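Worksheet for the structure shown next.
Residue numbering begins at 1 within each chain, and the chains themselves are lettered A, B, C, D, E, F, G and H in the order written.
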Amino acid sequence: MDANRLKALLEQVRAGAVTPDDALEQINTLPFEELGFAKVDHHRAVRVGVPEVIFGPGKAPEHFLEIFTRLAERGNNVLATRGSEEQVALTLARFHMAEHNQLARTLVLRQNREKLGKGIIGIISAGTSDIPVAEEAAVTADVMGNDITRLFDVGVAGLHRLLSHSKELRQARVLVVCAGMEGALPSVVGGLVAVPVIAVPTSVGYGAAFGGIAALLGMINSCASNVSVVNIDNGFGAAYVASLINRI
Amino acid sequence: MDANRLKALLEQVRAGAVTPDDALEQINTLPFEELGFAKVDHHRAVRVGVPEVIFGPGKAPEHFLEIFTRLAERGNNVLATRGSEEQVALTLARFHMAEHNQLARTLVLRQNREKLGKGIIGIISAGTSDIPVAEEAAVTADVMGNDITRLFDVGVAGLHRLLSHSKELRQARVLVVCAGMEGALPSVVGGLVAVPVIAVPTSVGYGAAFGGIAALLGMINSCASNVSVVNIDNGFGAAYVASLINRI
Amino acid sequence: MDANRLKALLEQVRAGAVTPDDALEQINTLPFEELGFAKVDHHRAVRVGVPEVIFGPGKAPEHFLEIFTRLAERGNNVLATRGSEEQVALTLARFHMAEHNQLARTLVLRQNREKLGKGIIGIISAGTSDIPVAEEAAVTADVMGNDITRLFDVGVAGLHRLLSHSKELRQARVLVVCAGMEGALPSVVGGLVAVPVIAVPTSVGYGAAFGGIAALLGMINSCASNVSVVNIDNGFGAAYVASLINRI
Amino acid sequence: MDANRLKALLEQVRAGAVTPDDALEQINTLPFEELGFAKVDHHRAVRVGVPEVIFGPGKAPEHFLEIFTRLAERGNNVLATRGSEEQVALTLARFHMAEHNQLARTLVLRQNREKLGKGIIGIISAGTSDIPVAEEAAVTADVMGNDITRLFDVGVAGLHRLLSHSKELRQARVLVVCAGMEGALPSVVGGLVAVPVIAVPTSVGYGAAFGGIAALLGMINSCASNVSVVNIDNGFGAAYVASLINRI
Amino acid sequence: MDANRLKALLEQVRAGAVTPDDALEQINTLPFEELGFAKVDHHRAVRVGVPEVIFGPGKAPEHFLEIFTRLAERGNNVLATRGSEEQVALTLARFHMAEHNQLARTLVLRQNREKLGKGIIGIISAGTSDIPVAEEAAVTADVMGNDITRLFDVGVAGLHRLLSHSKELRQARVLVVCAGMEGALPSVVGGLVAVPVIAVPTSVGYGAAFGGIAALLGMINSCASNVSVVNIDNGFGAAYVASLINRI
Amino acid sequence: MDANRLKALLEQVRAGAVTPDDALEQINTLPFEELGFAKVDHHRAVRVGVPEVIFGPGKAPEHFLEIFTRLAERGNNVLATRGSEEQVALTLARFHMAEHNQLARTLVLRQNREKLGKGIIGIISAGTSDIPVAEEAAVTADVMGNDITRLFDVGVAGLHRLLSHSKELRQARVLVVCAGMEGALPSVVGGLVAVPVIAVPTSVGYGAAFGGIAALLGMINSCASNVSVVNIDNGFGAAYVASLINRI
Amino acid sequence: MDANRLKALLEQVRAGAVTPDDALEQINTLPFEELGFAKVDHHRAVRVGVPEVIFGPGKAPEHFLEIFTRLAERGNNVLATRGSEEQVALTLARFHMAEHNQLARTLVLRQNREKLGKGIIGIISAGTSDIPVAEEAAVTADVMGNDITRLFDVGVAGLHRLLSHSKELRQARVLVVCAGMEGALPSVVGGLVAVPVIAVPTSVGYGAAFGGIAALLGMINSCASNVSVVNIDNGFGAAYVASLINRI
Amino acid sequence: MDANRLKALLEQVRAGAVTPDDALEQINTLPFEELGFAKVDHHRAVRVGVPEVIFGPGKAPEHFLEIFTRLAERGNNVLATRGSEEQVALTLARFHMAEHNQLARTLVLRQNREKLGKGIIGIISAGTSDIPVAEEAAVTADVMGNDITRLFDVGVAGLHRLLSHSKELRQARVLVVCAGMEGALPSVVGGLVAVPVIAVPTSVGYGAAFGGIAALLGMINSCASNVSVVNIDNGFGAAYVASLINRI
């Protein structure tokens, strides 16, 4: 029951067309989503400019396309992550303007290019193998209306590579740092800057890397206080958090 | 070698008092901290107004007091976390103005009450047992110059308690959410707001809670995209990140 | 030795046709399953109307068909879970009336449509990816003679979706709640109802979801007291427990 | 805003004392707990006769007593679990009628002895060391208004002990089974009965028992389909679920 | 119902004093332990000469003494493991002949010195810190009527210590090998002999030894095929298995 | 240096053909395998009648065949486990008499049918899915010269199936018990017999079975004292240990 | 800014062509890699003769070839590890002199055969399945200019195989020991020598070997003090460390 | 049988006093430790100058003193680690010259001050809380005859602290790096130097640091190839390995 419907009901009460008891009954049984709070939820999507997002894995290609189409009709940007070859091909056939980033495994339909972020989001990767995750973050941040800077392959075992970019580091308003193996990069970066660092453990590594657990543990235990962490390989989530920060 | 010393050296080069070769030698062997970059680090502390922080565990009481004293002399706010009874007693004897919060296990010396945060930081706890961690976050956010709102004991098993505070939720610019056991609260809160949520798993729980691992895993796997996570019981770290965000 | 055979033996003892010593020997060496207790086991299957169940993985297709056929001959409902494409095709060729649910990966032969459950079993899923597990639960509950209500895609990050169905939640006599990722939904549902909640962690998620462990831990540590848990992806088991409860 | 208050508001609208717009504002901003749903929550406590429960650990003795007192004033049964010596002593000094069960570590104030359960709840323990957990379950089930049967020390390594009680097993409407070490008892019991079995892993064991993890894993993987599981040592939770089932 | 009672019942049936129907009823409802199988269980204790065993932890001292006394009255050897100081003192005050082994934390009452084992059981420990576990095994094997040889402090990092005892190794009929840290000794011993090796991981070690898990994993993965494993620190269990083997 | 060579050397010393110093040098530098101890190792293989064993995984088919051929030439039985299709086909083409057991994934060449075991080895499996592991144990025990009894599909959730075979259980001299899921069967069997039980956790199960870890933990924590454990799915190892016991 | 450029700047300062202020600005903003420290990094590669290394997984074949080519042009040895079939074929087509070791999965271009190591590196493997990892170590050590000795298949279950090579063990200056399963070999080897032992856990094993975790834990907990450990299957890393030691 | 005894035996053979057969018997049955190999072991201790080491935990104070005394009598340096207050007090009462380092928890008796290491061992700690472990390493390296440099409190979150010591880093021949929390320091250090780095994870940290596991995993997965790892808090072991390297 949205505000209009609720107000109409109250008008009917005032007019005597509905008794207070009947109105009480209607209010008590109406679905929650029609109350004010749920609407806020709806307004939120509009207000914050979050793109509509589709997570590809486990969806039938036709289902994927159908959701993509429905979302596109709302006029917002549409972002699909981790789409399969089949999902992507089917969707590209319909949406010629969609941009497919193979490295990031993203499919994006830009319908709105408003700049919503107020500063620069730095996207950093430790090694070349972490780049797909970092690219997912970059595409997400971009489609959410942010300026971004990429610093790739600046892992801690060759510190000079990172330090030579200290200027870019200091210019960012928030940083997304992707690293696998021991996941030490966010701690080092966190110590060099005075802004929030969103750490993304990646599943890069072998042996006792355990698909990203070692990196996740390293980041959660970071000795730098400005580091918070998202799930393994979750470049999208990190960029989403960074975008919210950059809009403040 | 700070800027002044480096400039003095360059002046000497210009004056012919030092040869370029000798200057080169001096620059190459000077400690890194005296170069520009390290100085930035120093400036950072001043610029962002981060309080000087002491982590109590493992320090001898006299050592604790000595560090506290030295930090206090700089004129900034001083924050000590998890101080032992002995550390706190010794320090309070010297610093009568220091505020000891037993619940949060913090000791604070306020020497600067400038408001640095631009909005409100919401500090939320799932159960009453999570309050010590939430209080550590609240004290930290406060001493770092933020306005805060506390919402305690609003766990997911009694949803109406949380929902009745939807207004406060929506007014916060960033949220710190502390929860133990299954750690579900950040996901629920994350779904209700459009701002960053910093999740703090607490070691509250028993049996298979494993000292906070269950909550940590739950939060890292949150289905809400605006959630990032810090270490178990790390109320300080969460508030630190939130403060950086609130200063943007 | 069933009751009849034992009674016949006792009659022979009374008649003097068998000595007590020989009878003692026979009783001591007869297989346990022929004693009263084992028979209860047999009666139980009949009494509780549990369908005959086949778990597909690891069985040769012909073996699968043979078991299916043998069970079908008893006249009860037959339920096969997680049958392979080959197992299902072979069986459908013989049993044209069997119903194959691709989503739930179930194959059902309905030979008995008696309503055994006394109330409604609510089957709830957090996300669309959890639906296969929820459907396995739904098919199981249905074939065991229950009325069911499905509430799918009502995860905690969009609370209004769940809350708008509070009426259906309150009408159920027992609930099966399937969720992956952080597994928070059973806690939230458990707080909204006064009936038993059977939680099913699903292997949905990525990164640190660890194939359902995060969800399992979350559910075992639920802060709602009316939640108990079954194995990861075990929709069948949850519906089985729910059916027993619904028959009380 | 409870029904009365909301109705009063609607009456004011009808009477013209409040405009629809003002009423709309009031409804949209009133705390959720005063809407219908939250009230249901309140009614639930009354309707299902759940005792008020206090979890002792981490509470100051005076705080413990204060909560106990407040709950007692509502006239319901009060159950406190895992109270410390100090908490219990302080409370007993005020509530002479409270019953302290040292084994179960429970403190109970019976103010209502209505029988709410319709059948018998069987409480089973594998070894003598599991008895504290089983007793917590027994006290909980008792205070929630159920008839109970105790079968203690009937672990699987001496099967005849369990089998000699097959009659009691079959008479129960629902069973709570507590076991540590390998946690095999629920599987065996589950195979002997046709009712729901709530399994409670206990932290009993040593070496690789890992404080109950081995038992928890065993029970979650039970080959008996009528078994669901609660947290390690959570006798209270198991009895709570069993009580809900027994009230159906 | 033991054989005599069952035979008496059958005699009554023959005599016409009990009808077959009444006899059937009695047989069906008699406790299982009185049937033949349970008796076997009883006979087993007698036949195999297993001592009566009490596991100390968690028992009140008076309870401990009471069980000890009751077992002692049967005339068998009594073995108590891991008794507390208080349990042991109380029991020694009553049983002056009981032998307390502080290292092994055992209390033994020898009432039967019959030699039941046919060969020698070798008890081996890797380091001096593993000796308490090895001694528990030694005392257990001794009280179960076996000849034993002790080889202590023969860990793999000083191979010559072990190899210099190759003769004793080869003379044993079965070996119990206790080791902590990496738990490598059973593999090495297993490669040197042609008899069963029972491996006991001990909780000795630090850091990543994880209370015996590293040793347990090492032993379960042993490359020697004649190694089987018992629980961490379970010297009693290993000696129990070894004794059964030595009686064959 | 075998005995003959060493004796020849000593003869040369006696004859004065080699000086004591030169002999000392030769003895000190000769490879260990030629000393007495290593020879014992060789004798052991002959004495205990252990078949030559080849573990298939990771070997090139030609390499597999070559080893098989070399071992066959010694005249002993040859046992290959977990051979690939290709390894087996290649080997069968050369060794027409070899027996391939598809279920157990074994390939056996019987060249010696001497009965070396003195009693019966019971091979027990909990479910039908555990049979491949149990069969590996059965084939191994058979080729090592033992009489065996198979009891398959007697899991704990249908206790009467196991109990009806109590006679076979009691006749075995040692038991191998294979179970997946919660791994409870060895505990139950262990409580019914007075002989050693070798427990084999299998990787059967799903969800939180973790490829056999749950069963492994269950068995290591068995409350029956006569149970020891081998690696997950290691039917060969269990039968090997059982064979050594059965030869005593 | 390398030394030359910095010196040129200083010369300009001396010549008055650049003011000290401008020079200060240039020095403060120049990228770190151009300072002395980074150059050391560059010199290091030259000085220690480390080959240029490419890690194959995750690289497109053309990308792999391109890096290989670029590295080859510097005239150093080039080592590629874990190249895919496609990567290797493409590269071999261009570099006919490159040596492909299928077992070690290495591709090596030798352009420099200088002997850099001063002693012998012993490369030891426990079983035949560990040989690929050991070979990766051997190739790495060889291409880094070391003499090596291979001791393969000398696992602890057949100790005489290892002991017969005591002479080779004692001649090595540093040892790399590769073992899977329980990973006991480094402890045994460590006890026999007085030089550093680099332990490499391998993913060889099954069941509870957990892909090398059991071996890793065993090695980290080694009772031999001269053992340090690298990642699972990381033969390259172990040889790299050993080479650095051998150059001292 | 040492060389002298063996030679004497051979002399007797030559003299005809012992027959070759009798000599053969004696040689075959003599304990291994008396053969050449074991003696090498003994020589090794002398040759490499390893101090005699006592690990305190679990030893009775008198036992501790007795071992200390016995070792001291050999004239070598004696090192005791992790001695309890009682062990240390008792030993100091007898050995007034022994040096007790409270921070490192070491007790050292210097009887030999020969410099055995050829270069400098750098001992580095990330935080102040890691210093006890680093000091244990420093004392060990010192007592084993090495020159050492300490770099304490140079963790990665304040990189300039480490970089300002680049000269000391480059002068060391081998480095021991101690770090807790995320354990990132060895990776960073490893990237700055061209010598072996021995990483020591410490149990410093809280929450998900898991007593050093996070740091251990981080170090094992280090992206720097010159890093190898010892057990958690094992400063002694790291310095032992470093000392062996420094003697080369």
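Observations on the model:
Keep in mind that, in the parts below, a residue touches a chain if its C-beta (ideal position, glycine included) is under 8 Å from a C-beta of that chain, and two chains touch if they have at least 3 such contacts.
Computed from a predicted model, the values in this text were never measured in an experiment.
Comparing chain pairs A-H and C-E, the larger number of C-beta contacts belongs to A-H.
Residues touching across the chain A and chain C pair largely diverge in numbering: under half of the numbers involved belong to both copies.
Averaged C-alpha coordinates put the centre of chain C at 39 Å from the centre of chain F.
For this pair, chain B with chain F, the centres built from the Cα atoms lie 59 Å apart.
Once the centre of each chain is set as its mean CA position, chain D and chain F turn out to be 50 Å apart. Under the contact definition stated at the top, the residues of chain E that touch 2 or more other chains are 32, 35, 37, 41, 158, 163, 166, 191-192, 207-209, 213, 216, 220-222, 231.
Taken together, the chains touch in the following pairs: A-B, A-C, A-D, A-G, A-H, B-C, B-D, B-G, B-H, C-D, C-E, C-F, D-E, D-F, E-F, E-G, E-H, F-G, F-H, G-H. Interface of chain D with chain C (complex): residues 37, 40-41, 44, 47-48, 50, 53, 119, 163, 166, 170, 173-174, 191-196, 198, 216, 220-222, 225-231, 236-238, 240-241, 244-245, 248.
On the chain G side of its complex with chain F, the touching residues are 128-129, 158, 160-161, 163-167, 204, 206-209.
Listed in rising order, the residues of chain G touching chain A in the complex are 29, 31-34, 37-38, 41, 57-59, 201, 203, 212-213, 216, 231-234. Contact residues on chain A toward chain D in their complex (touch as defined above): 3, 6-7, 10-11, 13-14, 16, 19-21, 23-24, 27-29, 32, 35-37. Residues of chain E touching chain G in their complex: 126-127, 155-159, 163, 181-184, 187-188, 190-192, 205, 207-210, 213-215, 217-224.
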